[in-house]
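See the structures that follow.
Both complexes below contain chain A, partnered by chain B and then by chain C.
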Partner chain A sequence: MLALTLPVVAEQSVFELHIKDHLFQPSVLYVPAGEKMKLLVFNQDPSPEEFESFSLNREKVILGKGKATLFIGPLEPGKYEFFGEYNPDSAQGVLIALPEQEWLQHKAKHAD
Partner chain B sequence: MKLYSKKAVIKALCFVCLGSSTLALADGRVVDKVYHPYVQPLERSFEYRYFYQRQADHPDNNAMGQKLGYGFSVAERAALEIYAIADRVSPEDYKLSGYELELRWMLTEQGQYSADWGMLFELERQNNQDNYEFTTGLLMEKEFGPTSLTLNALAVYEWGKTLDPEWESEFRAQYRYRWLPAVQPAIELYAGENYKGAGPSLMGVHKFDRQEQLKWELAVIVAIDNQTVDRTLRFALEYEF
Partner chain C sequence: MLINTVLMFLRELLPLCLLLATLLVWHRSLWRHFALYFVLPSALMLCLISLQMVWISELLDGLGLEFLYSFLYLSCFALLCVAARKTSYALWGSALAAACLFSISGSNLLLYIWLPTQTENTPADLVLGSALGVGIGASIAVLWYYLLTELKLWRHQSFALLLSFTGARQVMMASALLIQSDWLVAGPQLWQTEQLLSEQSELGFFLQALMGYEATPGLSQLLLYMVCLVLLFWCCSFMEKKR
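Coming up: the complex of A and B.
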């Protein structure tokens, strides 16, 4: 098994998601495709929430007023929907993985 | 950009085949759940498992077993599950054969390293024979794009009134295609004392409401050596709430 699990030594981009009033903020999150990244999820509500996404293959409970770290990617370019399992009607969002050129343009646009 | 390599998948499958051919296995039932290395806080579940194995002229012919469990997380990364076990070996009827206490411990966050790791600890008491079995080992899962490879490498220590104390080893593997939440086909491989088997499986999850979901698994495992009972059916239901 150890042969399959050589450590990953790469600097990871960090992105943040907040949960407030059972909503994800932002509900649309742009990230670069082809990179491993860290997603910090802050739950500002007093009740727990579960970040869940079948397409990302991630499921993580975040306790009330708590924080969770998810390790995601590398992703193919595309859309990856996620939702809060405790409040699926309101807590919904999408993560959009952009190809390199589009990601650089997106970063430049939002750096202004 | 290719995000996972075919070479890595082939390497992993070769490892699985190699592992299954070199490990010795256990007296108990080898075909069972392939454990994933993940634990969620606030996790609670009822679980039902069933197996049936059949082959004419085999000493382990026509045996059935059922397990009923209740599990809950005891920490952010640890979960306990308690089971009652009933077995039936034809022509006898079902009898409550034992109890089991299981602890799963998530060692790494999913995706943090190139593979995800956990540990399993199980203590089983066979109450009709006053025998015990302690199992521990590593649980590993690795993503290859839309597929996941899960490996369980377990060490088993048996002792009791009708058992000579001994260490044995078990190996379980599952290679799963995450096609749809409700339908995820896989292949499974098991190796243990006097047992080597492999076969197709199908699993999925259905969500009912907030925090309520039903996971299901079905597998048909066939012998890959002459000592193994030829056909084993494995079925499991897990209600999480």
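Coming up: the complex of A and C.
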């Protein structure tokens, strides 16, 4: 059973989120499903914020003007909500994991 | 603001209150010594972490806090094992274990209390919210204390089992931090019980604070949890069965 938890070496995609005026930018982040990825969260506000997502099972305090690194996935296709624990009314966002075909289409569309 | 403050305090303090209540049942006759062994290292660790928070958070490419917190969670579990296994270390071991958890909760709360944006809000909300959060957490802990006292009198094994769950919870918290920092491989997700029992529900929140309930656990998390649960329960078999 332990063998199932061994890592598979693969190139990791990197995605970025920014927090400004207690808002996530972008508030909707598209990512590929079935892949492990690195998420960089930049807090441009002077105050700290806590990135929190129950569905992603992640929480991370990001100090004012600081940067956080989180590793997520591989994810099933679907929506994963996240929010800022210190400003939950304004800092809200959703991460959408797309199946391979849709992800390729999304990438092609945004590459133009 | 008020609700958010209550939730923040409750989220940080409930696991600590439950652990303290459990340990006070264990060391009921020596609670003054326990309090002394708990307060001094707690204050020291909280000061050190809070003063060096910026420096710590920038270590290891921004993963310093995860490293420190997972170390403290694992230390909490290890100290509980030592305390249960060796009677002579029971008092200070369990007090230090609680101090490890306090330093995590305390530093997170201090960060929240001194948020620059808090100055824009009315301090009354912060004071009332924190009082409510502390009050609710303490009330649950008192109920838990009396329930455990009865359980311990009735059947010592059930107390040992609940203490083991509380200890294994700390390992679950550490594993989540290690996975998100890519220092531990999660493995396949074993089940999804978010619809059945959400972590945001009252019961889910309580079970998370008590025994590390996780709606979407990975294989490595479950394996670690089970191993640590059995290990601490085994250590508890050496505990003195004082009534």
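Just so it is clear, the second predicted complex is superposed on the first by the 104 of 112 C-alpha atoms of A that agree within 3 Å, B and C clash if a C-alpha of one lies under 4 Å from a C-alpha of the other, contacts with A are read in each partner's own complex, and residues count from 1 in each chain.
The rule we apply is simple: a contact is a pair of C-beta atoms (placed from the backbone, for glycine too) under 8 Å apart; a residue touches a chain by one contact, two chains touch by 3 or more.
Fair warning: this is a prediction, and the values are worked out from it, not measured in the lab.
In the superposed pair of complexes, A:G34 makes contact with chain B only, with no contact to chain C. By the touch criterion defined above, A:Y86 reaches both chain B and chain C.
Of the two partner chains, chain B and chain C are each touched by A:N57.
By the touch criterion stated above, A:T69 is placed in contact with chain B and with chain C alike.
With both structures placed on the common chain, the touch criterion links A:S47 to chain C but leaves chain B unconnected.
Shared contact residues of chain A, touching chain B in one structure and chain C in the other: 1, 4-7, 48, 54, 57-58, 60-61, 63, 69-72, 85-88. Interface residues of chain B facing chain A in the complex, by the touch rule stated above, are 1, 3, 8, 11-12, 15, 38, 40-43, 109-115, 117, 138, 140, 142-143, 148-149, 151, 153, 178, 181, 207, 210-211. For chain C in complex with chain A, the residues that touch the partner chain are 4, 8, 53-54, 57-58, 61-63, 65-66, 108, 111-112, 115-117, 176, 179-182, 185-188, 194, 198-200, 214-216, 218-220, 223.
Of all the residues in chain A, the ones that touch chain B in their complex are 1, 3-8, 33-34, 36, 48, 50, 54, 57-61, 63, 69-76, 85-88. Residue ranges of chain A in contact with chain C, taken from their complex: 1-2, 4-7, 22, 46-48, 54-55, 57-58, 60-61, 63-64, 66-72, 85-89.
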